[in-house]
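The chains carry the letters A, B, C and D, assigned in the order they are written, with residues numbered from 1 in each.
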Amino acid sequence: MTITVKFFASLREEVGMADLHIDGECAETVAEVWQTATDRAMPANTLMAVNQEYVDAGHPVRDGDEVAFFPPVTGG
Amino acid sequence: MTITVKFFASLREEVGMADLHIDGECAETVAEVWQTATDRAMPANTLMAVNQEYVDAGHPVRDGDEVAFFPPVTGG
Amino acid sequence: MIVRLLAEPFDPWQTVQAHQREHLAPGSYGATALFVGTMRDFNQGDTVRGMTLEHYPGMTERYLEDISRQAAARWDILDSLICHRVGPLRPDDPIVLVAVWSAHRAAAFDASRWLMEELKSRAPFWKKEVTAAGERWVENT
Amino acid sequence: MIVRLLAEPFDPWQTVQAHQREHLAPGSYGATALFVGTMRDFNQGDTVRGMTLEHYPGMTERYLEDISRQAAARWDILDSLICHRVGPLRPDDPIVLVAVWSAHRAAAFDASRWLMEELKSRAPFWKKEVTAAGERWVENT
């Protein structure tokens, strides 16, 4: 099993990836997913979602989860 | 010269007149216009206008004015 | 900034669309806030069959134009439109339309709501309903 | 209670009218509050030629359905409709439509504004503008 990691908008362009998979063993929290997936520090205003629900950086992740990182939203 | 007096909605039905003219000499205030024009007490929630602008009962009236009395409004 | 009293039924969506096309520059507004009041077939526990909207000709237009000017002075808006029915209405007929255009949403929301509250509390309109028990003046609630 | 993401330009007035005809019983609603967000040709001092709206497929729909349910639980409303564009847009294109129907005006006003504020602050959409100087992500203001 793996964790699916997604990046959107300016963050997608900064990390240079739209989505990737990481080994579910490599990360216990959303913050650790970021560390495993990228080689840079997470911008302070980054928003995070697990399975399409907003969470904090300390939220636990499990095998099969979809974890997303994105900048402040600008719809509407 | 005269003062034009108008009544609207339920007040029009209660006093039994839509509009009438009174002698400009007979009233110095809006309250006195009511007294001259009708034979009853003014309901507590009556709204008043002189020349189509809201006023209080003590507002002075002059020859040629249009004075209106009506119940609370219910448009919209 | 337009105020219209209408003696016949009107379509609020066509009215807004036509006003926008005629009076607003494309690309200039980012926000349109709209309110439509519609005649219900039920009020205060009774089925309502019809309604007559009485108003004070002259003062009504003055009052609505006055609050439109006040809204334009108080908020950063591009345009406003108020349409209000008078005369006989049937259930499902639109009664009032208030629309405000602005660059950003806060002004449009604030101004449209303020216009409706002012209109409801002070514009000289009176509703008389027809129910099974006869006619009755609607009370201000 | 409907949420739609639209990849093509849409007419908010026709959309509201069609939704109303299909989903609301005539005579049941006294109040419709509506907000339409439209693409401006000017932002932060620059002429804007075009825009692309990126979103998070799946989460966007869930989030908009979630706030629609919350609004229905919190206010006494009859129905709501949220439509939002995704993909490429041009100036004057409608971006978002939020409509709320209720018996009385306060619920429609409150719920429509709350939905817009929630959508603006949390729905996963991102705007990228095209100006003379190139493309840029719009900052949340």
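Quick notes on this structure:
The working rule: contacts are C-beta pairs under 8 Å (C-beta built on N, C-alpha and C of every residue); 3 or more make two chains touch, one makes a residue touch a chain.
Quick caveat: nothing in here was measured; it's all calculated off a predicted structure.
Once subunit D is removed from consideration, the other chains connect through touching into the groups A | B, C.
Remark: subunit A and subunit D have CA centroids separated by 26 Å (rounded to whole angstrom). Rounded to whole angstrom, the centroid-to-centroid distance between subunit A and subunit B, based on C-alpha atoms, equals 71 Å. Centre-to-centre separation between subunit A and subunit C, using Cα means, comes to 48 Å. Between the CA-based centres of subunit C and subunit D the separation comes to 23 Å, rounded to the whole angstrom. Residues of subunit D in contact with at least two other chains: 37, 105, 116, 120. Of all residues in subunit A, those that touch two or more other chains are 76. Touching pairs of chains, sorted by label, consist of A-D, B-C, C-D. Taken together, the subunit D residues at the contact with subunit C in this complex read 11, 13-14, 16-17, 26-42, 91-92, 103, 105, 108-109, 113, 116, 120.
Contact residues of subunit D toward subunit A in the complex are 37, 53-56, 58-59, 62-63, 84, 95-96, 116, 119-128, 137-140. Considering their complex, residues 6, 8-10, 47, 49, 52-54, 68, 70-76 of subunit B touch subunit C.
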